[in-house]
Amino acid sequence: MISFASDYLEGCLPEVLQRLIETNAEQSVGYGEDEYCRSAREAIRRHLDCEADIHFVVGGTMANAMVIRHVLLPHQGVIAPESGHIAVHETGAIEAGGHKVLTCPAANGKITAAQVEAVVQAHRSDFAREHTVQPAMVYVSQPTECGTLYTKEELGALHAVCEQHGLTFYIDGARLAYALASGSDLLLSDYPRVCHVLSLGGTKCGLLMGEAICFFRKTLAGDFRYVMKQSGGMLAKGRLLGLQFLALFENDLYVRAAGKAIGCADRLRRAFSAAGFDFAFSTGANQLFPVLPPAAAKQLKTQFDFEPWQTLPDGRVVWRFCTSWATTESQVAALEDALLTIVDT
Amino acid sequence: MISFASDYLEGCLPEVLQRLIETNAEQSVGYGEDEYCRSAREAIRRHLDCEADIHFVVGGTMANAMVIRHVLLPHQGVIAPESGHIAVHETGAIEAGGHKVLTCPAANGKITAAQVEAVVQAHRSDFAREHTVQPAMVYVSQPTECGTLYTKEELGALHAVCEQHGLTFYIDGARLAYALASGSDLLLSDYPRVCHVLSLGGTKCGLLMGEAICFFRKTLAGDFRYVMKQSGGMLAKGRLLGLQFLALFENDLYVRAAGKAIGCADRLRRAFSAAGFDFAFSTGANQLFPVLPPAAAKQLKTQFDFEPWQTLPDGRVVWRFCTSWATTESQVAALEDALLTIVDT
Amino acid sequence: MISFASDYLEGCLPEVLQRLIETNAEQSVGYGEDEYCRSAREAIRRHLDCEADIHFVVGGTMANAMVIRHVLLPHQGVIAPESGHIAVHETGAIEAGGHKVLTCPAANGKITAAQVEAVVQAHRSDFAREHTVQPAMVYVSQPTECGTLYTKEELGALHAVCEQHGLTFYIDGARLAYALASGSDLLLSDYPRVCHVLSLGGTKCGLLMGEAICFFRKTLAGDFRYVMKQSGGMLAKGRLLGLQFLALFENDLYVRAAGKAIGCADRLRRAFSAAGFDFAFSTGANQLFPVLPPAAAKQLKTQFDFEPWQTLPDGRVVWRFCTSWATTESQVAALEDALLTIVDT
Amino acid sequence: MISFASDYLEGCLPEVLQRLIETNAEQSVGYGEDEYCRSAREAIRRHLDCEADIHFVVGGTMANAMVIRHVLLPHQGVIAPESGHIAVHETGAIEAGGHKVLTCPAANGKITAAQVEAVVQAHRSDFAREHTVQPAMVYVSQPTECGTLYTKEELGALHAVCEQHGLTFYIDGARLAYALASGSDLLLSDYPRVCHVLSLGGTKCGLLMGEAICFFRKTLAGDFRYVMKQSGGMLAKGRLLGLQFLALFENDLYVRAAGKAIGCADRLRRAFSAAGFDFAFSTGANQLFPVLPPAAAKQLKTQFDFEPWQTLPDGRVVWRFCTSWATTESQVAALEDALLTIVDT
């Protein structure tokens, strides 16, 4: 059984594993203060072209919860798309930290600067203010949970409205490598100009685990290590994260590995289209959301693993197929062949 | 200037004030363990016809926050109408206690048993469960924030779906007296049969301050005094709350005082209609939501205080007018007169 | 039965009650934005001789929890005497808000600047820092829970060490009136010079309920109304608190009423001494802590209510007797008489 | 430079690394629901001789915070030694979850059943109860933070007092392997009989990272996966933890690897004693706490890394030396040689 169910099915990139093997017997200080973490931070800063404050944590839910808890005051909330990861799939981690997620309707998983402006204005009306949660942050994912991409202009507009109203703009880059490799009009070095905090995902982009949280304003980064320790997010053997991120960023591995996934996704996109299937969202990254009739889904399920994403108002079912840095030519070819068969039936 | 801006503009009913005056010099033990609190609990139990566990707290936001924090486990959330007080006007108090409010669209401020069932089923799907907040409670207000009333059948259906799925059903009765006096088909003694926890509001129904939280299941009430003290909701001079609730419930004052407000509201309802104005919600309780043209609103504002409630999609503005136990005949007459004038213009 | 069990046994001062009676039928806006609250704030500012930002809340536990939650960041803690109210008698309200109380041993209920310095230094050592809670606030009560008083010099030293290390110094004045009336070397107008935040207790000093929180630094006060609303501490009929504090502070009632209690306490202090009983703490305010043999305690219990405070290492029991603004000459005389009898036996 | 500064300086045991290498390219479902996690749970259950409910999480602070948050109600607290990890070195993680740590003085890092009984009784007195945090759990570490070991009798007594009063007894086994290998009178299979929840540490006992939380009562385990996800403690590539624990427990590697560390520690214990140095605590596990004069410490620091633990009242400094599964014969020999030199000087 070949699985396209997610992009965190395998271990890690061979280059990453090799680093862990080579350094296994070394002794180093803990909690992210070792040489490998230092070098990894330097490597990432070079790619960002920015003196960012960078911290490594184990996972994405934790990264989101820590950043939001660190930046917001108790009476403040975070604006997010209603399909945003923090709004839907983190078991209330943000609320457990004391903060309301102020959701906006999100066509294709994206929100706009105008929506943010509207939330801010509504809060400032006479009958809201201190009786309601104060919006103080905007959260989006790039690419979104629907596989769509924000353009440079869209992120710039969100950044501008945040700057105007004193909100912190946080981009969750759990799958950012796939955005960078997708023909997006933003380079990694553009991000410090369009947001205040960025997470660079490792788990879904070739590492065993790990996210790098990048603060682009010194004031936001202060004392973040306390928050990491308190949240249980400071890894004792912190070098394990440093080593892995160093392997990704000391050269172009981060985007290169994602590029392979995008190539595979493009082939599958063409194959689904050729087989006559529509997509629920028009995506350019590593996730595909074809609408499959029950018979087709059933037939593919005999050979492949993939997950239902949602049921449309008309009853049709949207499925998610992911490629990743680990997807092989033969896995793609097998699905292409299967789709040809479906066409024939 | 006469104000119809809310139902908590004045002090308290004369009968309540008299009690405070008479007992002012008495010594009594604190924290709600005095004789007046005991008698007040007994009086309320007689009206409820139920051996409820009853606790007195100072305010409504606190009451909601404490009940929800006490009943839910950290990973659980509460289902509520999107217009519910806990979802909108408590500055994130529920989230500050760690819990997500799972909102449902709410025509006229009300949610249905079918909506609750849908939230529960969605949570149980393979791709939700522990990645999402577990629904464990339903919150509604009677009357709702839009002044509408749930029928006995509607509350019964909500109760049934809660029982079926093990959810706790909590009714926020901040204005319950007005529902009871409005020709609702539920008596106070019906509530222990249709919900598990009920708050009986005093602040908006004739007391200086105070809500009585009534638990209809012993298991829910255990250790609630700890939660009250921890939340800062256990009044040192607890007898002040007991005395006031005793004055309301030792006879029929609770519903009787509200009845006067309903009479006033009915007169105003007729006067607005006669003046040709529509209502945004069809209400039977003490709140009216007329849609007023700018000129009419401006003219009324010269004599009366009242608040904007919302702007309709077509740009028209809905205003809120409240009557209360303290509304006088002459106040109502003044507004009736003013509405006649508007008609004439 | 005459009770000396606490200083919150009765209702309120006659002057305060009169105000509530006179204004009962008036209409006013809610949530502390009315004229009475405004006037009360002005009156308190005159007494403080300082442009303080002042907020009224219902109770003391709530006041402490809100101030601490508002001032601290998630990874910060508050230094307090081990006998401090927040450390012992608030059911973990501070921890429920997410913060550790860093307790210091406290002879007679008081901590010193040297102790604060030591906590700060310990935290800064290489093996503490982000692995431990960051001290960011100092909490003391004046008078303390043991009835003792800080001198101007002691508070000045605590203030200096706080200023030096960037800590916020908060004084819980739940019983401050009794300190002011006790021959303390601090006037109310001295407090803005020795601390950053002060609560002025009303509940134990002649009001039905209420504490006034005074911020002496604008930066600390920002957005506090959000915290009040979120914590359920913003009273709907806010004028009730304003009216009461206005009655206390528009003239000298606050200290004058407390003065009566101190006179009564002084008489009882002499009576206990004359009867041959020692005190566990040497106090000047309205609480007395005599060490009573079982027979004496038993005999007094037939006529009076009072509470055990602690058991000394040698097995003897310390009891607490409180006087208050409401204590009468005849109540004091009755206890004096009873103590004379005990001497005779 | 050879480091004895901690027991988490290196990567992982070769057998563990081998497993990660062999399985790197495999696809498996996430979040701990894969075959390796299932097998690892089975292997641990065989060692425990108990049908425990077992969950894998990344780190120890997270494990403690999640277990305590899951088991306690909002108004409850956890009793712990004042030197316990949760009380000192977790940056207030337990308080951030809303709970007070009720500390007891702890000679040699250990608390007794009598101390627990005293805390429970104090809470039940008339003037404590709902004004104070309700003790509902006992936390101890085995071995303790001071390297000492609880005997079977001591743990049995703690278990008995917990059972009697309905408290949950949780043992933090971050270094349990070293206790098991130290001639402790408890086997792993004894633990389900002496506590209700146990964490089995991997990070300090040969894994890259990971702790196994074992619930010995089904009622305690319910819905724990929600808490894990909400806390950010559910690893996406969960098999990484399963694989590592499987390598430790499919045979005797867990205790065998720790045995080597104990052998090294014993040699160093003799070497320090021979050099004339005392120990602050009498330990049998992998941590040594020699009291070193400044000159000796300085000389050793030229060759070795190790950390100060505390300063004794008489001014002498206690240092900590750790051995681990990774300590080599030559590292031990080097320190033995250095200690011989110090004797000669």
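Per-chain residue numbering starts at 1, and chain names A, B, C and D are given in the order in which the chains are listed.
Methods note: a contact is a pair of C-beta atoms (placed from the backbone, for glycine too) under 8 Å apart; a residue touches a chain by one contact, two chains touch by 3 or more.
Everything quoted here is computed from the prediction, not taken from an experiment.
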| item | value |
| --- | --- |
| Neighbouring chains common to subunit A and subunit D, by label | B, C |
| Distance from subunit C to subunit B - Cα centre to Cα centre, in angstrom | 34 |
| Euclidean distance of C-alpha centroids - subunit A vs subunit C, Å | 50 |
| Length of the line joining the C-alpha centres of subunit C and subunit D, rounded to whole Å | 42 |
| Sites on subunit A at which at least two other chains make contact | 74-75, 90-92, 96, 98, 130-131, 226, 229-230, 234 |
| Arrangement of touching chains [line / ring / star / complete / other] | complete |
| Residue numbers on subunit B that touch subunit D, as the complex places them | 69-70, 73-75, 98, 130-131, 134, 223, 225-230, 234 |
| Interfacial residue positions of subunit C with respect to subunit B in the complex | 2-3, 5-6, 8-12, 14, 17, 20-21, 23-30, 58-63, 65-66, 90-93, 96, 203-204, 208-209, 226, 229-237, 240, 326 |
| Partner subunit A, residues of subunit B touching it in the complex | 74-75, 77, 88-92, 95-96, 98-101, 127, 130-133, 307-308 |
